[in-house]
Amino acid sequence: MPNIFGKVFTIATWGESHGGGIGVVVDGCPPNLPITEEEIQFELDRRRPGQSIITTQRKETDSVTIVSGVYEGRTLGTPIGMYIPNADQRPEAYAEIKKKFRPSHADYTYLTKFGIRNHEGGGRSSARETAGRVAAGAIAKKILRLAGQVEIRAYVSSIKDIQAPASETLPSLEAVEATAVRCPDPTTAEKMIALIKSARRAGDSVGGVIECRVKNLPTGLGEPVFDRLEADLAKGMLSLPATKGFEIGSGFSGTRLTGSQHNDPFENRRGRIRTSTNRSGGVQGGISNGEDLVFRTAFKPTATILKPQSTVDTEGNETVLRGRGRHDPCVLPRAVPIVEAMTALVLIDHWMRQSAQNRTFRFGD
Amino acid sequence: MPNIFGKVFTIATWGESHGGGIGVVVDGCPPNLPITEEEIQFELDRRRPGQSIITTQRKETDSVTIVSGVYEGRTLGTPIGMYIPNADQRPEAYAEIKKKFRPSHADYTYLTKFGIRNHEGGGRSSARETAGRVAAGAIAKKILRLAGQVEIRAYVSSIKDIQAPASETLPSLEAVEATAVRCPDPTTAEKMIALIKSARRAGDSVGGVIECRVKNLPTGLGEPVFDRLEADLAKGMLSLPATKGFEIGSGFSGTRLTGSQHNDPFENRRGRIRTSTNRSGGVQGGISNGEDLVFRTAFKPTATILKPQSTVDTEGNETVLRGRGRHDPCVLPRAVPIVEAMTALVLIDHWMRQSAQNRTFRFGD
Amino acid sequence: MPNIFGKVFTIATWGESHGGGIGVVVDGCPPNLPITEEEIQFELDRRRPGQSIITTQRKETDSVTIVSGVYEGRTLGTPIGMYIPNADQRPEAYAEIKKKFRPSHADYTYLTKFGIRNHEGGGRSSARETAGRVAAGAIAKKILRLAGQVEIRAYVSSIKDIQAPASETLPSLEAVEATAVRCPDPTTAEKMIALIKSARRAGDSVGGVIECRVKNLPTGLGEPVFDRLEADLAKGMLSLPATKGFEIGSGFSGTRLTGSQHNDPFENRRGRIRTSTNRSGGVQGGISNGEDLVFRTAFKPTATILKPQSTVDTEGNETVLRGRGRHDPCVLPRAVPIVEAMTALVLIDHWMRQSAQNRTFRFGD
Amino acid sequence: MPNIFGKVFTIATWGESHGGGIGVVVDGCPPNLPITEEEIQFELDRRRPGQSIITTQRKETDSVTIVSGVYEGRTLGTPIGMYIPNADQRPEAYAEIKKKFRPSHADYTYLTKFGIRNHEGGGRSSARETAGRVAAGAIAKKILRLAGQVEIRAYVSSIKDIQAPASETLPSLEAVEATAVRCPDPTTAEKMIALIKSARRAGDSVGGVIECRVKNLPTGLGEPVFDRLEADLAKGMLSLPATKGFEIGSGFSGTRLTGSQHNDPFENRRGRIRTSTNRSGGVQGGISNGEDLVFRTAFKPTATILKPQSTVDTEGNETVLRGRGRHDPCVLPRAVPIVEAMTALVLIDHWMRQSAQNRTFRFGD
């Protein structure tokens, strides 16, 4: 079941960039949740290509239809099927890449793995697949918000070597959405946008880091061993196209501290047990401790560029690939809602699991 | 099923640092594999406490018994039960931490999650649990070696700010095992050992980074979407105690390159399609491409230190925890075989899944 | 993941009898399989309401569209999304049952479970959901046929107390399809049809037993313990609406024999190890032994009848439900392709699992 | 993961009849449950060989040790490892069957499937494996009893053609345990015992049917589609050695009624919605409706008999197997606690799943 994610709140995505469309089945969603297509469309619009001048100019409306599981505005507890038809397909654009493996794309590995591939637009490896996750994530976010005012906020913290100032709290959604690059610091955002535009002009691309913070998360989510909260978040993040790294709390830079510098002392803050610092990033022993979750995901520069590149064709001949047409010089702005969606999917699943094992029965003393 | 890992080659670990012992059930192991307790013990000995002067001085022999699934030296295809009795338990050592939450340990979160905890030695959060994974991983490594000469080699690449020179190939097992710190570069290893000893004397601890390289891995392992090979490796690594980050190939530093600098051109090398560089780290589109797998895992400095620390007791009173007794100033040397074990478990599972979906039936052209 | 079935060849169904439509995602299907919408439609037409005078007269065309996972007539190895839009919805027909629980339907239990239900046409409990299984099963059947000439044949063996003569071999598809009741014995079929017509006239309903035989199944499918082949077949059958029992081989009547009467002696038949009799029904120790699979499923009389029935309304008042409109006096003829589909789904999953564990690696002697 | 059962309350069994022993890991058990080895031993003693004159005379004490997951008499929420060492192994007893396939045993299919088998005592196919399930089931039963006074009672309802009178309520545990055959009707029990003794003397064996009733089960357990409560019970029962059939409520005999005879009318009984009859067997639409669960499982006559039987040896030669030594003329008395254990495992898993999806979040009106 390689296209299924989550153990209790489960999603199955389907669809390629070609063909009828893409979609998702959400299985295990609690009943009676008020949800509308508009709420889901809101998140899809944040992911949609062509939304701003610094993303790909491909036009996709990504209009979602809920085809099952919701009745008179509320979830039924049955699987929620959602469908997003494909549009703007231009198979002729794919003539060259039919026979040439694009460097650092999935063309070669897909063909090796399956013995067949659809060369049109990347098929299943296309970022288009993530629309299904965003649609499912919108439902998960809604539940988290209603159930515990849990807020998930992702934002671009660096593009290439332009780094936003560190933030200690969740930026507002408005601050994130204020600029096309989804970096909440306006001065940095301006520089990032200029850099992305310059990469586009050069036919090149850039990568960067997205940080995500979650507040109001209950304590107790995550499991001691394999299903540590950070392990499932890491899996969720590295399951996104173009990702190369994940870190939580102090992350890689924390390895340069000593234990006495790194440990988070406990304190009693207004009757609640809290940590004075948050180098743990909100998890200890794999389990949420009530502090803000903080983690970062590294996105490589987009593999599609317009510069000529050495490669090999399907018959093994060395050749040159000359990019042409539209390209997306930087995926990070559109990846922000995707990071939030995957985060929401991980959290809701762990919340329901925590409830099943640790809240269903109470045996007192 | 929070203590179960893998979809086809599956392991279930059990056991705490107190009580009868720990163990693992390996479910789905192919039959007819020659395997002995000695081969498994070899890996356990690399993980064992007290093996060198720079690790914890706790004495545990970690003697494994195969209790099922192997008959006359070969696997039966039935579940392999392995059992490692506990030893050297000193409940009296835990008197203080019974009531005080150790900073950056799992004490507080376990109690919050389950409403009960065993305070003796960390219970399930103890690194002792990983012995079960190492035992299972030894079997996975054996299969990978027999089936495709796949070699997995982890090694310490940095401790605090001491960084080993970058390596482009797998170091030999001998080079890794030559020093107590398991860094294959002898000069760096010497500095690392000195640093760890100094941290021990100071009652403090240090962290670092473990790099892992895999060679001879077949192409085609990993799935396009959720179960990308790097996603499952990230989950495996972040499921280890004390980890804070994961990166594959170019990782976080790759975000500072442009696409034209970062992409790996394809070439035809002696009749095989290869990439000229390996910033991808051996995976493209979530699937192995035949190059070496290369990834790194960040380990924080050990939470147990002997310096006094501010904390809170189980009744919410602020207090001071004074560490005493034995402590492990740096977990990385012992984590090296654990990283290898988790890697082997991820790879064998994907290999069997790849076989099931893409090799069971051949429909030709 | 309550709406997901299978471990390696996995399906997720979605959709209710109201709303946009129903569908299925097939995850894990081998690539390169030639498949067309027509092949799938063929099976759906066998399940379709209104196909003959003895089934419900509801008109549904059940037209399937493959929306992903198939490219130029072959599977890609990616998830296959299939979509069957709803038609012929008459919400006004459901006014009475909005407030009254239909006896032996799922109205009461759904409301109790979820706290909400869609009363229109049974929602998720409607047999309409099985169309998704039939579509997925059509793919599984195709693979089984191509890979090993495996043939699955279900047929009605009894309706109420009319019992077809026992068969020792697979009847032909033609013989099964020759009559509206799908009983391959023409004389019995005639009596069954008369009985069903008479039940319809009386506003009543009848049940019966469907037998299923599978030939050319390889040995070795099924697992020793929980996932015995008969256990998964039993689960598959009892997951169908209106089923009350399952038996394999000698079944319940085998309990009246002694061991010496019941055991199947082995013999060497033309160089192949075979059993002289087949009271085992094709499985021994949970694993297929190369003989025909033979099992039977009991279907209760349809719960929807037109006679007045005592019941309770949603406010707890005792009342009378007066059935009206169309009803299906006997589900068995339409259940025949559904039984075949679920059988195919169980078998393909076990075949791929057998391959993964026991064929991926060969360790010789 | 063929040796793993359950989605939220999960068990993994391991062990063969030879070797060190057998055991089980219970993963997902709620914390704080008071449980002792004695409670588990009680159920194991009911399953133990040699307990009465009508079962096998093999002596096994089946002494269980809890090796993890329980601390000071309460579950920790971590995996519970339980271990039952093997005893009374007589490898010399297996000389003949090393080379000859026992009819209607798993010898041939295991060898075919795995290419290797342990011929000593059936290995994994031995009923000995069920001891792990009984140990895990004892925990599940305890939870069900504490949480909702749920009582599970299995009993022998027929042996060969001796049928106990139908019962409409749960017999007491005392009535079941009063006779060696575990049939609560004393007169029938006496006849059954005589029949079993006579089968033993003849070197033959007999089968029969075990009925199981569950009272006080909450409504709402079970899922609409694949994981219907009866589907998972059917799987659980058919996963037991020697089973050939399963039926719930009216079962196979219900197929001989009309809908108007078969439907269970609803009524308001003292303010609670109930059904007047219970041909549904406690489930409607796959979900428990608050009535008693009632289902039956068919067990074939034991395959091991002492009469000579035609068979084939591992080289394909036709030969005769002459049984000798001890044999178990009827497994049903010992299967009673096993049926109860599997039932408890299915119910607890569904209860926790129901809680996770439908009780974790409440969205009101």
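A, B, C and D are the chain letters, set down in written order, and residue numbers restart from 1 in every chain.
Quick note on the criterion: a contact is a pair of C-beta atoms (placed from the backbone, for glycine too) under 8 Å apart; a residue touches a chain by one contact, two chains touch by 3 or more.
This is a predicted model, so every value here is computed, not measured.
Give me the chains shared as neighbours by subunit A and subunit B.
For subunit A paired with subunit B, the chains in contact with each are C, D, in label order.
Going by the touch criterion at the top, tell me which pair is linked by more C-beta contacts: B-C or C-D.
Most C-beta pairs in contact, of the two: C-D.
Among the chains, which has its CA centre at the largest distance from subunit C's?
Relative to subunit C, the chain whose C-alpha centre sits farthest away is B.
Centroid from C-alpha atoms only, then distance subunit B to subunit D, rounded to Å. What do you get?
39
Averaging over Cα atoms per chain, report the distance between subunit B and subunit C in Å.
Taking the mean C-alpha position of each chain, the two centres sit 45 Å apart.
How many Å are there between the centre of subunit C and the centre of subunit D, using C-alpha atoms for each centre?
Computed value for the inter-centroid distance: 26 Å.
Going through subunit B residue by residue, note those that touch at least 2 other chains and give them in order.
1-4, 7-8, 13, 28, 31-32, 74, 77-78, 113-115, 124, 224, 353, 357-358 - these are the residues of subunit B that touch more than one other chain.
Quick one: which bits of subunit B touch subunit A in the complex? Just the residue numbers, please.
1-5, 7, 13, 101, 103-106, 108-110, 112-115, 124-125, 129, 158, 160-161, 199, 202, 204-209, 219-220, 222-228, 230-239, 241, 243-252, 254-268, 271, 273, 275-276, 279-281, 283-290, 298-305, 307, 309-312, 316-318, 353-354, 357-358
Once bound in the complex, which stretches of subunit B touch subunit D?
Within the complex, subunit B contacts subunit D at residues 1-4, 6-8, 10, 12-16, 18-23, 25, 27-28, 31-32, 65-71, 74-81, 83, 113-118, 123-124.
If you look only at subunit B, which of its residues touch subunit C in the complex?
For this pair, the touching residues of subunit B are 7-8, 28-34, 74, 77-78, 143, 146-147, 224, 351-353, 355-364.
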